[in-house]
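Two complexes come next, and they have one chain in common, subunit A, joined by subunit B in the first and subunit C in the second.
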Partner chain A sequence: MLPQLILNSIIAGSIYTLVALGFNLIYSTTKFFNLAHGVLAAVGAYIVFFLAQMLGVDIYLSVVAGIFVAGFIGYLLDKIVYLPLRKRKASNMVLLVASLGAFTVIQAIIAILFSSQFQTLSRNIGFEKTYEIFGGIITQTQLIIFLCGIVIMAGLLIMFKKTSFGKAIVATSDNEEVAKIVGINTNRIIGRVFFIGSAIAGLAGILVGFDTGIEPTMGMSLLLKGVIASIIGGIGSVYGGVLGAFFLGFVENFGIWQISGEWKDAIAFALLIIFLIFRPRGLINK
Partner chain B sequence: MEYLIHLAILIAIYVILSLSLNLVVGYTGLLSVTHAAFYGIGVYATAILATKLGVSFFVSILIGVIVSSIIALAVGMILNRFKDDYYALGSFGFNVIIFSIFLNWQDLTRGPLGIPGIPRPNIFSINFSENLIFLMLVVLFAVLVYFISCFVVDSSFGRVLKGIREDEKALQVFGYNTHHYKLSIFVIGGAIAAVAGSLFAAYISFIDPSTFTLNESIFILAIIILGGLANLRGSILGAIFLVLIPEILRFVGMPNEIAAQMRQVIYGIILMLLMLYRPQGLIGEYKL
Partner chain C sequence: METVEKQSKTWLWVIMVVVLAGIIYLLATLGGGNTTTTNPTGVAADTSPIKIGASFPMTGEAASYGEAVAAAAQLAVKEVNDAGGINGRKIEFIIEDDTCTSKKGVNAITKLAEIDKVVAMIGPVCSAAAGPGLPVAQKNNLPVVITTASAPNLTKIGDHIFRIYFSDAFQGKFAAEYIFNTLKKTKVAVLYVKNDWGQGINEVFVNRFKELGGQVVFDEGVAQDIKDFRTLVTKLRAAKPDVVYTALYPASGSAAIKQLKELAVNVPIVGGDAFDGEEIWRVKEAEGVLYTVAKTYDSPVFREKLNSFAGKEVYQSFAAFAYDAIKILAQVIGRVGTDHKAIIDELAKTVYKGAESMPVIEFGADREVKNVDFKVLIIKGGKSELYTEK
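After this line comes the complex of A and B, so read on.
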């Protein structure tokens, strides 16, 4: 029982890590809660569903396309909606409400195109392999989720430390005005950040789809978990998001060990509110 | 005719909801995205009391208002610690928590099965099962709520609320306990939303939790932003617009399932366009 519980927590933590990493990346440069972030996970998953399951395109190609389309839509949202608002120095609340609008529109369009039913997304590999670790069972999909979480985290860390693009992002998030003065095209940087963050969200959505299935509203619950993970970990920092994600995964899974599973979302939000009250800057104080 | 009465009843219910939310968001500047939760508390109060205990409708309104006020008081105390976008996020959280209570406390709410057979009110041998007569009841409540709201915003209490919205620190310097003011208006908003819920439960006679998700809170927010923040007539205008616009889709022969989603597309686009081009809404007096 206990090993399985720990494994489940780690898997949940890995999924939240992916969402939190993308969300945090965007938050750190733009400083607003982009609530449309979660729906891009659904976009990625449904693109794979459409290409692989409805048209029969090769699964790897579909995954790449799904990630790319999610990233591209995130990029477009920035250029069409958020950039004009930022130029007008709109308040965070205006941006938040606009992102709520974007979220509602995209989610509803997905429901119109693919119905609002719950559907399964298969990797076309036939029988799913399972592994046993210390008496707990983990599927191959879940192992992939865990590995993706690690790889993306490492990738972002390397990007921030080693590349000039990563340093430009850090500069933009520290102080956008100064970054502009030293010649960084901050709007272009932010546009790319939206692409990368949204692409990661798309990947998260696809992986969740393989693991449990897809429905148009999947984005919202993923987003909320990602936001909660970011805040309890320490918003705007890579490590913080990851730490928060695993913390949330453990609390949730050990919570439903005692009370029934439907209360997962309520547990997550109760945790958020406790953190907002007692430790609003999260585990890692940035 | 029946159809027009149905729309009028819906509009009146949303007028009540948006007026009460406007007090919180428009006048006081607290971006609350949890209104559907209080609405739902009113709905479940009436539904449970009427079907399980046979309590009269008007008593159940009162109980719904009391329960909703107590919960709003508790929620408001926590939310008051936050500002602006964190406030919005925290209120989000409460909507999700209260929704999961509706969904999962199955002994009380029957969960996803919903509660059928909620009776229409019956008092002084007036038969409210006639939709036209029920409409009059709902409009009566909407007018009442309108005047209460007018009274609140025109009073000295209302002026303090606007002051909090513009500059909370300054008011604190003048010795106002802004915490109490913010809490009071949040409780008033929650209490009024519960009234709308009771009316909705009695009208629609079958309810399930799916009505009280975050989407409903966003919808009510869209109404008041479209109509105009800090303008009571704006809320009425917004409710009429946003309830009627999706109905046009029905006339062009769109199937119900798609029309429901198109409704969301429309109000999502309206929210984005408003933020981009007219953040004060149609006749609003305050920009977010």
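After this line comes the complex of A and C, so read on.
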């Protein structure tokens, strides 16, 4: 049973990783809790549902479109909601409340357009391939989730280290005023960061949709786990998000293995509280 | 100036007190009028109407249910009144809108009990309105016949609360017996949602299954929004059950079924009545899953009668319960009069035949309806059909 338990933890950790990576990227640049990040996962998933299932568009094309639309809506949110607020020197609390508003509005629109019923993305593709690893079972989708997590983590690390865009993000996140003085268009950088972060959220939503299913409210639970992973890992850091996500996945799954399943969320939040009290900077010091 | 103002204020108070006293007096005499006549065969024939109340969701998310049960109840009232009423007294039927919410449920039942002073009431349709609302009825000693609300603990609120609809707990008992006796499985694993519904079913199911001599090898509850069942399924698989019983809603139920199949738990899966909907039928892994729902009469004659009475298509299978509830109350009040205590004593003994919802309606010691029967359905090709053991 142990290999299966480890695999389960890795699958959960991979899902949390995808959410935490995008969330952390936006947080490290803008320094506010963008709660609307969660709903963009639902946006991505529903775009795929709409294109592939309702219109019959090719599944790969739909996935690309879903990622792009989620990114684009994140970008629009920045330009329409957050940028005007930032220009008015609104506090991070105001931005957080605004993002909660955006979350609720988008979630409501999805529910109105597609009903609040639970849907699956995997129908019509046939039964999923499963792989056996040391006696544990993992499905193809779950393997893809894990690989996506690793690839995106590596991509972000390379972007930060090697590209001038990545360095501009680091500069903006260190000190926006100084970055402006040295000639970085910080608003444009932040807009792009929103696009990339939201696109990753969209991908997360799509993959979760293929793995379990979609409903308009799927964003909140994903977001909460992603935020917990970010905080216990070390908020604002790429490694931290990933480490936190896998740590959370393992603690949750081994926890409910020992005690019963109803404790799952309690375990996650207890872990968060323990970290906030005893190690608020997280596992990794940024 | 000041004294004049003071005087006029004093007068205003006096007038208000007098008016209030008048209103209270009027209400007391009007409301009490019905409850004074406890002897239906009394010498002085009382022809004042008998008030029966209802708490139904006439607006809000369950408005279509409310429309159906209200029409059915009004049809029953009309039939009783047309046949001469209850010992010569007509029924005055008062519907309050509980909007299927707890707050309005309390308001509706408070109004029926304390202002309208009804003799008895039927409803609510929603457990959400019934849970907080029915204690008000019990406090006022108002006899209630619940028509559609199904949360298991509702009749435990007090000795005035009866129910002719099926408590959710019944299907737990039925499922246990079906799995043990018909499917001949003895080692069951249970997954349920941690709320009134899931816990109610789980408790009854597990007790009954053990009573029958079966073994419950795994039994765990989850929060309602959980979609990741992998570790629970891993645990469940290690317990080696030969059947899985789930009291889950469609969303988490689909996820659980999918992950059971993924992790190669290839034993029969049986679900509750929450699986009776397209939301889960269209999940391809749900193919072959069984679930239980309560049997109702669904009489086409009654359906036709109700729709023509309402002037449009309002029929729902549970509307018949509201119709029967009024008929039973009319019969009981006809026998023992309008005293609350007499009504609940008589309700407890009543055996009502010729009902539209079930063949015979009678209440057990727990004030729940007896003789509830269930049927088993199987999910097949995106639909569901009656399942018969081969």
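The rule we apply is simple: the second predicted complex is superposed on the first by the 282 of 286 C-alpha atoms of A that agree within 3 Å, B and C clash if a C-alpha of one lies under 4 Å from a C-alpha of the other, contacts with A are read in each partner's own complex, and residues count from 1 in each chain.
The criterion applied here is as follows: a residue touches a chain if its C-beta (ideal position, glycine included) is under 8 Å from a C-beta of that chain, and two chains touch if they have at least 3 such contacts.
Here the structure is a predicted model, which means the values were calculated and not measured.
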Message: After the alignment on subunit A, I want to confirm one thing: do subunit B and subunit C clash, or do they fit together?
response: clash
Field: Touching partner for A:276 - first (subunit B), second (subunit C), both, neither
entry: first
Message: I'd like to know which partner A:46 touches here: subunit B for first, subunit C for second, both or neither.
response: neither
Message: Just checking: does A:4 make contact with subunit B only, subunit C only, both, or neither of them? Give me first, second, both or neither.
response: second
Subunit B versus subunit C as contact partner of A:265, first or second or both or neither: both
Query: Now for A:195: first (subunit B), second (subunit C), both, or neither, which partner does it touch?
result: neither
Touched subunit A residues, subunit B compared with subunit C: B
- request: Using the touch definition from the top, say if A:16 reaches subunit B (first), subunit C (second), both or neither.
  value: neither
Message: Just to be sure I read the superposition right, which of the two partners does A:108 touch: subunit B = first, subunit C = second, or both, or neither?
response: first
Task: Give the stretch of subunit B that clashes with subunit C in the superposition, choosing among 21-29, 75-83 or 111-119.
output: 111-119
- prompt: What part of subunit A is shared between its subunit B contacts and its subunit C contacts?
  reply: 260, 262, 265
Complex interface listing, subunit A residues touching subunit B: 32-33, 81, 84-85, 90-98, 100-109, 111-112, 115-116, 220, 224, 227, 231, 260, 262-263, 265-266, 269-270, 272-273, 276-277, 280
Statement: Interface with subunit A, subunit B side, in the complex: residues 31, 33, 78, 81-82, 84-86, 88-90, 92-94, 96-97, 100-101, 103-104, 214-215, 218, 221-222, 225, 257-258, 261-265, 267-272, 275-276, 279, 287-288
Task: Quick one: which bits of subunit C touch subunit A in the complex? Just the residue numbers, please.
output: 194, 220-223, 225-232, 234-235, 238, 250-251, 254-255, 258-259, 262-264, 279-280, 282-284
Task: Mind listing the subunit A positions that touch subunit C in their complex?
output: 1, 4-5, 8-9, 11-12, 117-118, 120, 122-123, 127-128, 130, 137, 139, 208, 212-213, 215, 217-218, 221, 253, 256-257, 260-262, 264-265
